[in-house]
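Following are the structures in question.
Both complexes below contain subunit A, partnered by subunit B and then by subunit C.
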Partner chain A sequence: MSPGFQGRRRTTDPALPPGQYLTEDFPVLSAGPTPRVPLDRWEFVLATETGDEFRWSWAELMALPQETPTVDIHCVTRWSKFGTSWQGVSLDVLLDGVDTAADYAQAHSYGGYTTNLPLDDLRDGQAWVVHGYDGEPLPAEHGGPARLLVPHLYFWKSAKWVRGLRLTVEDEPGFWETAGYHDYGDPWREQRYQGD
Partner chain B sequence: MTAAAPGGRVAAPLGWRVARLAQRRIETPTAQTLVLSVPGWPGHLPGQHVDVRLTAPDGYQAARSYSLAGPPDGDRIALTVQRVPDGEVSPYLTDAWAEGDPVEVRGPVGGWFVWRSEQTAPVLLVAGGSGVVPLMAMVRARRAAGSRAPFRLIYSVRTPADVIYADELRTRARDDFGLDVSYVYTREAPDGWRGEPHRIGLADVNTHGWPADLEPLCYVCGPTGFVETVADLLVGLGHPTRRVRTERFGPTG
Partner chain C sequence: MTEMSYLDGNMLDGPLRELLAVDLSAATGRCASCGMVGPMAGLRVWAHAPGLVGRCPSCAEVMLRLVRAPDRAWLDLRGATYLQVPMPTAEPFPRPL
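Now for the complex of A and B:
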């Protein structure tokens, strides 16, 4: 197809989704300035489709059971990074006892970013609100104080600077999803752009 | 613009199209502008990018994203590619790709980091290195549309030899009414330059940008550290975060 092209960084690693390449760096993708959120004003708000709200302050989040997932992450800009180590709270803990009939969630962030996911993709040990990376507090440029971590989807779904989740009956596309990116974003099916 | 216009919901898949190299321009020792002939190209907005995919004889494929460097010329689009020494795709495009040889492209992609010629607000463009490419697309689109939106471009480079589009920027700064271009040199400044080489700072952005109360739209593109610095400076100078749009160049090989 492309005469003379052999490809150099050939990887047959079955853990690498199609069209991705491995990086040791941790590149940053975001659409605007990095918000700085003081911890004493930080809160996480989970709102259901009926208007019920559940709130956690920073101290309350820290008091919840903590997990240390080590996962592979895949960015739609084609880099993947294996074995990243995080610390945070499972969404199963945050959703425990929340009475909802919603099928979707829209994550929203300090700074205005939003992204949408099926609620089922946030359950069963698949998603966390993380505040630590590699044993250190999560740096602001990587989404600190806290970000969503949903490693089985492209990394834009792991909303940085997360401030809450709104549970919805209908699927409501978020920031990148209304800018041409795929609604679901499964890296194993290369769902990068709408229509993929 | 087209079915693939950004901002709207696109139902049809963005398919891969065959593209052939029509023309190559050397911009700097490490950057080239590649003009691609893409039959059926649907058009694009300044700031958007494309994915370029290469296929080896055994079927192995590698793809990377590149910013479009200017408005389309019929079926022709221009990309400016910075050669990444250890890269997989960019050295092929800059060193091995011959005129007439096919690659595949897909796009246009991206609906946020774009400038539309209907916009009349002042625009501040801040480029770090090859981050100038999508911003140059905006400068060129402004000229092509006859827009009177006031534009300022601050372009940070290591040395004068690293300035991409140097001649054209000189011409446009002279001829395009309402366009100002200023430079920041980080390693080596040209003869006669006032001041020492330095990394971009508050004084540069404050002097050569727009005051926040003019409510300009700011576009910042470059390496992550550069973008973080400039975006923080703009917020510090009072620009609302919603008026500061960023695009970061990671290691894209």
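Now for the complex of A and C:
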């Protein structure tokens, strides 16, 4: 992907993190085959460090209060996309009433992908489980039926095909974090790789 | 009898340099997940991703991850129990003890 004629904007737009370029399309990145999860078998499982489990079927997720965040997203492969519109459930809703002393969460996905985040980064209106994009059901290539959306971190943290969260006392690096990528991934501090 | 001891990791430099400089596509790998043995050239590689992800053609589990930063690279082979690499005939490591 070439920065092309976006180069001038790249240096002047305060909404663009360092080293990123703006794209208008929506690149599809994937580390494996796209899982196809029938909605009648889909579930989201939140497991605490003590073994308690909270489960939502698709119908139960849909019955929760829905939000429509419009956010900028930043991929570690250097593209950023402004003003993306999603529909889904805030993690604040899913974590409400969950008794935990965990400091970290590891998201896991249908297909085996994992990624880790501090639990605080999933709270206070910073993260969602989204199932809609641009007013339509989220396409499988973009992570449907549902994906995590954590737009203030590089987009590899927004796990596609999300299946659940494990709340953990210790930080447990995920798929890319164990292969050289940064543990936290703040695009504004350009935390791409370990040690950045 | 002399007490056995370990060697500094620097001694791996030569043997690994010889190993890692070879054409990996000529190597055979064993999948840690399903046990299938086959050519590394037969892996299915997802490249439109933050790194290269090589998956077993039999079970689709990850056998290889290669991440390239501008000044560093990471090679994760935990999904492969071994790589068998064709080598020029020479004395094996370690040498006969």
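In this text, the second predicted complex is superposed on the first by the 185 of 196 C-alpha atoms of A that agree within 3 Å, B and C clash if a C-alpha of one lies under 4 Å from a C-alpha of the other, contacts with A are read in each partner's own complex, and residues count from 1 in each chain.
Definition applied: a contact is a pair of C-beta atoms (placed from the backbone, for glycine too) under 8 Å apart; a residue touches a chain by one contact, two chains touch by 3 or more.
Everything numeric here is computed off the predicted structure, so don't read it as measured data.
In the superposition on chain A, contact of A:41 is made with neither subunit B nor subunit C. Judged by the touch definition given at the top, the superposed model places A:112 against both subunit B and subunit C. Once the two complexes are laid over each other on the shared chain, residue contacts for A:32 go to subunit B and to subunit C alike. Touched residues of subunit A were counted for both subunit B and subunit C, and B has more of them.
Of the two partner chains, subunit B and subunit C are each touched by A:180.
Contacts of A:78 after superposition: subunit B is touched, whereas subunit C is not reached.
In the superposition on chain A, contact of A:19 is made with subunit B only, not with subunit C. By the document's definition of touching, of the two partners only subunit C reaches A:156; subunit B does not.
Overlaid on A, the two complexes show subunit B and subunit C touching the same residues of subunit A, namely 27-33, 77, 112, 176, 178-180, 193.
Across the interface of their complex, subunit C is touched by residues 27-33, 76-77, 112, 156, 176, 178-181, 192-193 of subunit A. Those residues of subunit A lying in contact with subunit B across their complex are 1-10, 19, 21, 23, 25, 27-35, 77-79, 111-112, 141, 173, 175-176, 178-180, 193-196. On the side of subunit B, the complex with subunit A involves touching residues 4, 6-7, 9-14, 54-57, 60-65, 88, 92, 96-98, 101-104, 106, 109-113, 224, 228, 231-232, 234-235, 241-242, 244-246, 248, 250-253.
Taken together, the subunit C residues at the contact with subunit A in this complex read 46, 48-51, 53, 55, 60-62, 65, 67, 69, 72-74, 76.
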